[in-house]
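A single structure is presented below for examination.
Labels for the chains are A, B and C, by order of writing; each one numbers its residues from 1.
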């Protein structure tokens, strides 16, 4: 394998790996085809790093935990953090289940959701409130006057519903076995 | 015996697939289907499937009666056939042909999608994709259920002419055969489909072996491959991690 | 933000994301600081790709499912696959057929898929919904108000499509006179 090719393969391996890669792992991959000695591999990684540096790339290869990993330069961290905030995250299954319970049983108090789901839902209810999928719609007239929860307009929008009457009937969901 | 391993054909293919399969197999013109011949072949496959307790979906029976209806219509002189609406031909096969062509179109589109699916397996995003694979050289296609049934009927022909609907003894169970086949494949990389059946073995055993094969294919433990259409089928273990 | 800086931030964002990033997301991230117009962003991505190409990088930026994402070149697949010995999970033929029907006829109700395929598709539709290849996109205005099904972004991503216009054209198939 030519030096150029070796370098490219190592770059592809590091690029696609989420964990740091040790030299032995890289040696093993290369051995299938032709081979690269430990020192050749180290040299190739050094070359890649100088290339990234010279052409002002936003990432570099770091030597960490006995292996090598491609990471972004620290100065771009602020943007990446913003990205994670603005990226639409999908609702988790427990969130969806909780949301479904609120949607079909609203207005409902937290204790009743927990009675159905069998687990504490503090964290999930908090997230759903933050994400504006549910809102506090009042208090229930029982001792302690707990908050009643209901779905929001954002909820309707998110699921493409005109109004709550458009919620799928339980029997329709069962047709696709979405609910058991 | 087969209760636990009732294979749902829906997970494989349907009546239109069977018809297209027969049309391709016999190399007949889809615009001029020899209904008499195709109908009798269709019914033979249906019998085999029933015998295998393949849980033949109602759709297969509906198609059978459609075919028989078309057959009877073709026996009538054209002027005595009831007038058809919306179709400018009086050929009783017209609707079926149109349905087959429409379905065939989507089967081909599905193949295009499959090609794209395979291409994507060579591409990796920053966090390594979990959906990796390792597949041998191309040009080998997965085998359809009807290819398997065809191969199976060959085995049955070798086994002799007993009544196909005899009651099978419980000497062989699908579970036994499941582990038997897996064992064989652990030792050999690839086995010819026909070699999994001992010549002269009891018909009950053959059926059980076949059901075990279908179950293993459904579970993606093994795969059936064929170099080209209607060629010999071989069975391989799907490599696991 | 200077052109150079804009390009670097975009590179860092794409590098750190495994999902395709839409232009609106990138605009949002940049707006916190200074800003980049849609066309500036597109131009920067083009420039990055030419740079990668010229310097022979093992990866490039693809335009997919309405966004942009960095991926490895196919020629390095053989090496990466050695590193991750994982089984592919491929779609079955009936699933592919059902997806093809949904893709070309969307939005479509289950009964219409069944009319084309000639079999019940409950199980397959359920699996495709679970795998997020299709979604319920609304209801059809006919008696019973059945669900309409459509493909998702995940569908586009999985098959490497920029958008639905990139689906293989029906005319590219062998010609049949389907319509008399």
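In the analysis below, a residue touches a chain if its C-beta (ideal position, glycine included) is under 8 Å from a C-beta of that chain, and two chains touch if they have at least 3 such contacts.
Predicted, not measured: the structure shown is a model, and the values here were computed from it.
Most remote chain with respect to subunit C, judged by CA-atom centres, is B. The chain occupying the central position, as judged from C-alpha centroids, is C. When C-beta pairs in contact are tallied for every pair of chains, the largest tally goes to B-C.
Measuring from the averaged C-alpha position of subunit A to that of subunit B gives a distance of 40 Å. With centres set at the average Cα position, the gap from subunit A to subunit C is 18 Å.
Annotation: 31 Å between the Cα-based centres of subunit B and subunit C.
Multi-chain contact residues, meaning those touching two or more other chains, occur in subunit C at positions 15-17, 70, 72, 76, 80, 83. In subunit B, the residues that touch at least two other chains are 124-128.
Touching subunit C in their complex are the following residues of subunit B: 8, 10-16, 57, 59, 63, 88-89, 98-99, 101-114, 116-117, 119-128, 130-135, 142, 144, 238-241. For subunit B in complex with subunit A, the residues that touch the partner chain are 124-128. Considering their complex, residues 4, 8-9, 11-13, 15-17, 19, 21, 25, 28-30, 32-33, 51, 55-59, 70, 72-73, 76, 78-80, 82-83, 122, 125-126, 129, 136-139, 147 of subunit C touch subunit A.
Here subunit C touches subunit B in the complex through residues 15-18, 69-72, 74, 76-77, 80-81, 83-94, 96-97, 99-101, 103-104, 116-120, 123-124, 158-161, 167-168, 170, 172-174, 176, 178, 180, going by the rule given at the top. Contacts from subunit A toward subunit B in the complex involve residues 12, 15-18.
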